Amino acid sequence: MILFTLALLPFATALLIAVASVRGRNLHSGLAAASSTLGLGLVALLAPRIIAGQIPAVSLPWVPGLGLEFSLMVDPLGLLFAGLILGIGLVVVIFAHFYLATGEATGRFFASLMLFQGAMLGIVVSGNVLLLLTFWELTSLSSFLLIGFWRDRADARQGARMALAVTGGGGLALIAGMLLLGTTAGSFDLLTILSRGDIVRASPLYPVILILILIGCFTKSAQFPFHFWLPHAMAAPTPVSAYLHSATLVKAGVFLLARLWPVLAGTGLYTGIVTSVGLVTMAFGAFVALFRHDLKSILAYSTISQLGLLVMLLGFSLELAAVAAVFHILNHAAFKATLFMSAGIVDHETGTRDIRRLGGLAKVMPITAIIATLAAAAMAGLPPLGGFISKEMMLDETLHVGLFGLPWLVPVAATIAATLSVAYSLRFAIKLFFGAPRDPEAHLRAHDPATGMWVSPAVLVGIAVLLGLVPMLFAGPLVASVASAVTGKPAPALELALWHGITPALGMSVLAVALGVILLWWHPRLLGRYEAIRHLDAKQMFDRSLAVADAVTRRVHFAVHKPSLQRMLFAVFAVTLLAVFEGGFTGGGRLAGQRPGIPASPVAILAWGLLVAATGAVLAAQRQRFRSLVYISVIGLIVALAFVHLSAPDLALTQIAVEVVTILLLLLALNLLPKQPSMLSRNGRRARDAIVAGLGGLGVGGAAWAMLTRDPVDPISAYHIANSYSGGGGTNVVNVILVDFRAFDTLGEIIVLGITGLAIYALLDTATRGTAGARLRVWQEDMPHSPERHPMMFVMATRLLLPLVLAAGFYIFLKGHNEPGGGFIAALVVAIAFLLQYLASGFDWTAERRKVGEHRLIGFGVLLAMVTGLGSLLFGANFLTSTFGYFTLPLVGEFELATAMLFDAGVFAVVLGAVLLAFSRLSQIAQRAARGHADQDADRPEGMP
Amino acid sequence: MIAETNLADVVISALIVLGAAFALIGSWALVHLPTLMERLHGPTKATTLGLGGMLVASVLFFQANQGIRSAHELLISLFLFITAPISANMIAKVYLHRRRTDPSGNVETPAGPPPPPGTGDWTTYRRPQPGSPSSTAEN
Amino acid sequence: MINYAVAIGFACLAFALALNLWRLLKGPTISDRIVALDTMVINTIAIIVLIGIETVDDTYFDVALLLAMVGFVGTVAYCKFILRGDIVE
Amino acid sequence: MNLADHLIVAPVVIPALAAPIALLVMRRKRRLGVGISLASCSLMLMTALVLLGVADDGAIHIYALGNWPAPFGIVLVLDRLSGIMLVLAATLSLIAMVHSVITRADRDGWHFHPLFQFQLMGLNGAFLTGDLFNLFVFFEVLLIASYGLMLHGQGRARLKAGVQYVIVNIVGSSLFLVALGLLYALTGTLNMADMGQRVAAIGPDDQGLLRAAALLLVSVFVLKAAVAPLHLWLPRTYAVATPAVAALFALMTKVGVYSIIRVVPQVFGENAGAAAFVPAPYLLPAAIATAIIGFAGVFVARSLSEQAAYAVVGSTGTLLIAVASWQVETLGAALYYLVHSTLTGASLFLVADAVARRRSGSAENASPAPVFAQRQTLGLLFMAAAIAATGLPPLSGFIGKLLILKALFGTPHWGWLWVTILATTLIGVIGFARTGSAIFWKTTDDAGTAQPAASMRADLIAPVAALALLASLSAAAGPVTAYTHAAAVQLLDPAITARAVLVRP
Amino acid sequence: MITLEFLVASAVGVLVAAGIYLALRARTFQVVLGLTLLSYAVNLFLFASGRLTLGGAPIWQKGVTGYADPLPQALVLTAIVITFGMTAFVVALALRSFLETGTDQVDGDDEPCDDDAGGAP
Amino acid sequence: MRRLVPHPGLAVLLVIVWLLMANSLSFGNLLVGVVVGILLPIFTAPFWPGRPSVNFGAGLAYGLLVLWDIVVANFEVAAIILFRRNRDLRPAWLVVPLALDTPEAITVLAGTISLTPGTVSSDVSACGRYLLVHALDTADPAAEVARIKSRYETRLRKVFA
C-alpha cells in the first residue's frame, strides 16, 4: 500500500495541479512540495527495513499474457534513487516557486514536474522490467514538456524535440533489449531476472541484449556520442535543469546500468564498451566544459563528464568501483543541483549567464558565492568534500582495470579527465565570483536573492560537505547496502574517508589539481586555440541529418503519393495481375479442364464478332465520347442476347433495363462534361497500359476458360433447384434465390441502390450553388442546338406509353416469383416509363405531376423489406424467413400469396425511388445549365437556331 | 424437333423465312442506299413485316405445335408500332438539324427539305408557336 | 421443315446484324449510327423470338417484349442529345 | 428460438431500420431524426456488448437467415472476433456520431444520418456474415455509404479525392467478383466454412487456379486495408473527409484486415493445398513497406489530418506485420492492436478537428498561427493521441506493440520486424513532435487568447472519450488480451467453426 | 471446333483488356467507359462460374433436369444492380467534381485549366 | 360510369394488353386486367392532359387499312431496294398541309406514314399545320401528298371526331 501510494502520489498530484490550473502558483507549488514531502516521508518510513535487508514488494496483475505486472519493489538502490528524486524534487520545487516569475504558467510547470517525478520514481521502484520500460518512456515524454516549457522560444522547442528524439529513440532500443532480456531469462520480473544473470550471459543473444540496453542507458545518460541533446535541453527553466540534468533524468541510465549490473556486467564485452564509452564521455565532456561560456552550458558538459565517470565506474565490473559509483551519485546529485540553482540565481539577478560578462560577484552576493564555490570545489574533487572521496575511489579503481590490454590507458585518461574537471570547476567559481566585474551593467541590480531561493542550494551543498566530512556516518550504511544491491553480493568492506594514506590515487589526484590549476592559468590562450578550430557539432550533425532525412523522405513521399488516379489503378491492376499469374503458375495444375465444350452456332460466333468489334470501336472512338456510348450500347445488347442464349432470361431482362437507364444517366452527365477530345498519352505510357491491359485480359479470360472447361463440383445450387418450389413457393429459381434463399443479399443490394440515390442527391444538391453554380451559370453549349424542346410526336407517344408500360411493370412484378421478372426489373421498367416523360415533356412538366417523393419510396421500401423480414420473428422463425400459400377464390381460381412478394415490393419501391432520385437530380443540374443558357439567348429573335 | 410436315408447318416456315428476309432487306437498305434519309426507310421494313412475320409465325407455332393458345406476340408489334415512328422521326430531326448546323457531317446530302409555306419553318429549326398543336409540352 | 426455316432465319438475322454493325462503324453521320443501333435492336428482338421458336420455350418472350418497350428509349435519348444537348429539360 | 437468439442479427437490423426511419422523419423533424440516429448507435453498442459476452462462452453461434441451413442459405456467425469487431464498430460510431452532432457537421449536407446508419449496417454485416458473397454485398453497402459520407460537406478537395476513392474501390469490387466467381466455380459453394472444407478436396489439376483465386481475393482485401502499394487511395481521402466521418473511417481499413484474418484461416487454412495461408510470403514485406510508408508520411505531413491519415496507414502496416505469421500469439496481439489502432486513428482525426475549429484561418496546418483557444488542453489531447499512435506508454499502443514484439520473437525474420516496428515508432515520434510543437507551441503573436465560446468545450467530448477509451484499453489490457488471445485460438482452428456452421438438417 | 466456352472466355478477356486500358486513361469519362466494360466482363465471368448451359430450362418444372445453374445468375443479378448503382454514383460524382474543380482530369499531372473556379467564361 | 372510366378507349386497350401479357383468358386475369384498366388511366391522367375521345369503329377500320397498306408497301419497297439502282431512285421531300388540329391526331397520321414503308414523317412545322415527309421513291410528289391526305387524313378526322 505504501508502495502504491509512493508510486502514484506524484501522478495524482500532477492531475490535481492540472485540474486546479487556474489557481495561483502558491497552490501549485504547495501541492507539489507537499507531495514530495509526503513521498519523502514514505521513503523514510521504508528506509530502515530496506537497509536492514528487507525488500518491500507488491504486485498487481496487469497483462498476464505479456508478463507485464504492476509490481513495485524498493531495494536499497531504489531507495537511494527514490530519496534523491523526492529530496531533490522537494528542493527544486521550493526553488522553482521563487524562481518562476508571476504570470508564468505555474500550473503547467508543476503538473509536468510532478508527472516527471512520478515517471522517474516509477523507474526506480519497478519490480517488472516492462513496467520499468513504461515509466522510462514516460520520463522522455514528461521531460519533453518540461524542456519545451517556454514554448514560444525556438531553442526550447528544438531542445525538447531533440531530447525526445534521442532519449525516446534510445528508449525504443531499450524496449527491444528488455523484451529480449525477459524472454531469455524466462521472466519479466526484475528480481527473477537479476537472479538469472548466468543464463543471460550465456545466451547467444547476450551481445544483442547488452548493446540494446546500453543504447537505452547511454542516450538517457547523455553518453558520447549521444550526449548532444543535453546541452540543448538547457533551454528549460533552471529548476528543470537542476532536477532533470543533475539528479534524475540523466541518472536513469546510470540507474539502469547499476540495476542490471548483476545480469549484464562482468563480461569482456560489457567492460570494454561501458568503460570506454564512460571514459571518452568523461574526458570529452570535461574538455568541452572548459571552453563554454554559458553557465548552464558549462554545467551541462560537466554533467556529461560526470555521468561518463559514473558509467565508467560501473563498466569496470568491480565491486568497489560500484561502491564508488554509488557514492559519487550522491555527491554529484548534491553539488550539481546546487550549481544549477546557483547559475539560476546568478541569471535571475544579473540577467545574464555569460561567464565572460560576469565576475567578482562574491562582493554583491556573498551567500550565493559561498554556496556555489563549495559546490564547485566538490565538483573539482577537492578535499574536504564528498567529491574528493569519490574521485579518490575512482582513481584507485582505474588502476585495477586494463582496457584493450593496456593497463595504463584508463588511469592516464582518468587523470586527464580529472585534470580537466578541476580546471572547469575552478574556472566556474573563480571567474564568476572573484576578480573584477567584467561587465558592470550586469552587476547593477545584483544581490543575494530572497532566502527562499538560496535555502535550497544551501541545504544541498550542506549535504555535499557532510558527505565529505563524515561520510561513514552520513552515508555509510546506505552506500554499503546500495552497493550490495547493485552487485548482488554482500557489501564489501567499506571505508569512506578523506584520508587513506599516501596511495597512487592520491598522487594522481594531486597531479590533477596541480595540472588543473596550470590549465586554468593557460586558459585564455587555450581558448583562442580552441575557438580557432572548427568543431564537429553533434547538434548540427543531428539537425542536418534530420533535414536531409526530411528532404529525402519528402521527395520520395511526394513522388510516390502523386494524386493520380491512374497511378492508383495501375498499382491495383499490376498487383492483382501479379497475384493471379503467380498463383496460376506456382500453384500447379493445368489451365484447361476436361469438360467437353458446346459447339458454337454461327449466330453465336457472329455475335461474338460483333461484341469484339464493338469493343474495339469503343477503344478506337474513346476520344469521341458520343460514339463510344453508342458502341457501348451494342455491347450491352450482345451481352443481353448472350444471356438469352445461355438460358438466363432474368439476366437478359435486367441487363436490358439497366442498360437503358445507364445510357440515359451517361448522356445527362456527358452533356455537361467537357467534350473536347483528350490529349493522347505519351507512347510509352500507352504501351505500358496496353501491356497491362493485355495481360489482364489474358488473365481473366484464361481464368474464365479454365472455369468453363471444368465440370461443376457439387454446387449448392442443386439444393436451391430442389427446394425452390417446395420450400420457396416459386418456380423461378433465380427469383426464389433472390427473395428467399439469399434474401439477405438482396436486402443489402437494394440498400446499396437506396444509398446511391441518397448519396447522389446529397452530392448534387449543392451543384447549383457556389463554385459549381457559378460554373453552371456561365456554362456554354458547345454545339448548336435545335430550338425545339419537346418534339410533338415523341411527347404524344410517351403519353400513350406511360399507362401501357406501367401495366407491363405491374405484370412483371406479379409474375416474378414464378417466371422471369420480379421487383427489381419491374421497378426499372416503371422507372423507364417515368424517365420517358422526363425525356419527352421535360423536367418541370413531369416533376409537378409526380405524386410520390423519391425519398419516401426509398425509405418506405427499405422499411417494407425490413418489416417483412422481421415479421417472421413473430412466428418464431428467423429474420427473412418466408412463407407462402395457395388460395382459391370463386371465379378467380387458384392464386399464390408469398411473403417473399412483400419483400419484393420493398425491392420495387427502393429501386424505383433510387433510379428516379438519381435521374431527377442529374436532370436538375442540366436544367440549371440550360436556364443559364436560355437567359443568354432570350432576346434572340424567334426562329433563330 | 418436329417430325411430320403439315400445312401449319409450311405456313410457319414461310412466315419465318419471309420475316427474316424482310429484316435482312431492311438492313441491306441501311447499307446500300445512298443517303441517310433514304437509309432511314430500311428499318421500318424490319419493324413491320420483318418482325411481324416472325411474330405471327411464333403465334402459329405455339398454337399448332404446342397447343398453347398464345397471342402475346402481338404486344411486341403493338409497342413497336408506337415507338418505331418516333425513332424515325427523331433520327430524321437529327439529320435535319445536323445538315444545317454541321454541313461537314453530311457530305453526301442532296437538297434539303423545302420550308413549309408561309413564313414559318420546321420545328427542328424553329421553336413551335405557342398554342399550335406542335407545342404540346412547351411551357 | 421448321428447323430449316429457323436456320435460314438465324442466318438472315445474323447477316442483318453484321450489316447493321458495318453501318454503325462506318457512319458517316451521327444519324446513321443511331439508325443502325435502332435496327440492331429490332433484329435482336427478332432473334430472340426465333430462339423462342427454336427452343420451344416462350419464357424468352418477355425479353423480346421488354426490348420492344424500352429499346427505342436509347435511340430517342441519343437523338435528343444531339438535338438539344440536354436530354431532359 | 427466443428473442435473445435473434440478437445476432440485431446489429444489422437496428441500423437498417434506423436509416429509413431517420430518412423519413428528417425532413420534417430534424431533431427526432438525430435522436433516432443516436439511439440506434447506443442500442447497437448495448447489443454488441451483450454479443461480446455471449461469444465469450467459446462456442460459435450461428443464425440462419430465412431458416435456410448453411451452406445453402446465408448464415451469420458470431464468434469472439465478430464480437470484438461489433463492439469496436458500435463504440466508434457512437463517438463519431456524437461528434458530428455536437460540431453540427451532420448539417453540412443531406442525409448524413441515414448514410451513417447504412454505413454501420454494412460494417456490422461484414463482421457477422459467414458467406463470402454476402461479405461482398456488405462491402458494397459500407462502401457506397462511405462514398456519401466521404463527400459529405463537399468542397473542392473532397470532390477531387472522392473521384479517386470511388473509382479505385469500384475496381476493387470488380476484382472481388472475379475472385468469387473462380471460387464458386472451383468449390460450388459460397459459405466460407463450407468452402474451407471443399478447398481441401480440390485436385492437383486445379491447384493453380485455386491459388490464383485465393491471391486475387486477398489482393482485394489488401486494397481495402490500404496496404502498400495499394494504399495510395487512403491518405488524401481520409485527410479531407469530414473529421467525424474520418474517425469512423479509421475502422474502414480494418475491415480489410478483418477480412484477411477471417478468410485466410477459414478458407485457405493449412489444408488448402497450394492456397494454404496464401498471402504469407507477400504479406510481410508489404506490411513492412506499409508501416514505413505510413510513418514516413507522419514524418513529412504538414497538417494534423494528413498526419492522422498516414498514421492509419502505418498502423495497418504494424498490424499486418503481426497478422502475417498466422500464429496464435501474434494474431492475439494483432487483434488487441487492431482495436487500439482503430480508436487511435479516430482520436487523431477528432483532435485535428477540434484544433481546426479553433484555428479558423490556418486550420490544422502545421504553420504558425495566432494563439487559439484552449491551446493547452488541445495540446495535451494531441499529445495523448500521438502517444497512442506511436505506441508509447501509458496508452494501449505501448502494450499493443510490446505484445506484438514479444509474439514475433522467434518467428522468421523477427529481427527485421522488430527493427521496422521500433524504427517507425521513432519516425512517428519525431513527426508528431514536429507538428505538435509547431501548432501548439509556436505562435505568430501572443495578442489576446480568445475565450472559448460555451459550445466550444462540447466538441472535446468525443476526442476525450476516444482517448479515455484508449486509457481504459490499457488499464484493462489483461482481460482484453485474454479475450483477443482466445479469439485467435478460435480463428486458427477453423474446424470448430465448420462443425458449428455446417450442421446438416 | 469453336466452342461457346471459348467465345465466352475470349469475350471476357477482350472486355477486360479494353476496360483496363480505358480505366488507365486520364479523364473521368474514359475511366467510366472502362469501368462499364469491366463490369460487363465481370458479370459474364461471374455468370460463367456456373458453366454454360444451352437450352437449359430457365423455370423449375416437376421432373425436369438440366437447369442452368441458377445461383450464379442470382449473383450476377445482384452484381448488375450494385454495379449500376456504382456507375450512377460515379457519373454523378464525375460531373460534380468537374463542376467544382473545372477539370475532368484525374491524372494528377494536370492542374485545372481554369483555376479561377467558375469565374469569367 | 363516365367518371369511373373517363377514357374507355384507353381502358379497353389496357385490358387487352393485360390479357395479352398474361397470355390467357382466365377470369382471374380478366378481373385484374379490368382493375388495371380502370386504375391506371386515373393514375396517369395528369400525364395526359386533354385526352381525346376516339371513335372505336372508325379507329378499328383505320387500323386494318393501315395494316394492309403496310404489307403491300413492304413488298413495293423491297423491290425498290433490291432491284432499283441507287442513281435511279427518285427521293423527294413532301410537305403535307394538315387539316388535323390535335397533336394526337397528327401524331397518328405521322406514325402511319412512317410505318408504311417508303415514306417517313420527318418533322412538323412550327405552326403545326404542315408535316414534312420524306419519300423514298416517288414520281409525282403532289399526287403522293394528295394520296396521304385522302387515304389517311380524312379517315383520321373521323376517328378523332
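Some observations on this one:
Just so it is clear, A, B, C, D, E and F label the chains in written order, and each chain counts residues from 1 on its own.
As a convention for this text, contacts are C-beta pairs under 8 Å (C-beta built on N, C-alpha and C of every residue); 3 or more make two chains touch, one makes a residue touch a chain.
Keep in mind that this is a model prediction, so the values were computed, not measured.
The set of chains in contact with chain A as well as chain B comprises C, F.
Between the chain pairs B-C and A-D, more C-beta pairs are in contact across A-D. Centre-to-centre spacing of chain C and chain D amounts to 48 Å, using the average Cα coordinate of each chain. Distance between chain centres (mean CA atoms), chain C to chain E: 22 Å.
Mean C-alpha position of chain B lies 57 Å from that of chain D. Chain B and chain E have centres, each the mean of its CA atoms, that are 31 Å apart. Within chain A, contacts with two or more other chains are made by residues 563, 565, 567, 569, 573, 629, 645, 649, 668, 670, 700, 703, 707, 712, 715-717, 720, 742, 745, 749, 752, 755-756, 759, 763, 771, 783, 786, 788-789, 792-797, 800-801, 804, 808, 819-820, 840-842, 943.
The multi-chain contact residues of chain B, meaning those touching 2 or more other chains, are 28, 40, 42, 47, 70, 72, 75, 78-79, 82-86, 89-90, 92-93, 95, 97, 120-121, 123-128, 133-136.
Residue positions 23, 28, 31, 45, 48-51, 55, 57-59, 71-72, 78, 82, 85-86, 89, 93-94, 96, 100, 106, 117 of chain E each touch two or more of the other chains.
Put simply, chain B touches chain A in their complex at residues 78-79, 82-83, 85-86, 89-90, 93, 97, 100-102, 120-121, 123-128, 133-139. Across the interface of their complex, chain A is touched by residues 10, 13-14, 17-18, 21-22, 26-28, 31, 36, 40-41, 43-44, 46-48, 103-104, 106-107, 110-111, 121, 124, 126, 128 of chain F.
Contact residues of chain C toward chain B in the complex are 1-6, 8-13, 15-17, 19-20, 22-23, 28-32, 34-36, 38-39, 42-43, 45-46, 49-50, 52-53, 56, 58, 61, 64-65, 68-69, 71-72, 75-76, 79-80, 82-83. Those residues of chain B that touch chain C in the shared complex are 1-2, 5, 9-10, 12-14, 16-17, 19-21, 23-24, 26-28, 30-31, 36, 39-40, 42-43, 46-47, 50-51, 54-55, 57-58, 61-62, 65-66, 68, 70, 72-73, 75-76, 79-80, 83-84, 86-87, 90-95, 97-98, 105-108, 124.
The residues of chain E lying in touch with chain A in their complex are 1-33, 36-37, 40-41, 43-45, 47-62, 67-74, 76-78, 80-82, 84-89, 91-96, 98-100, 102, 104, 106-109, 117-121.
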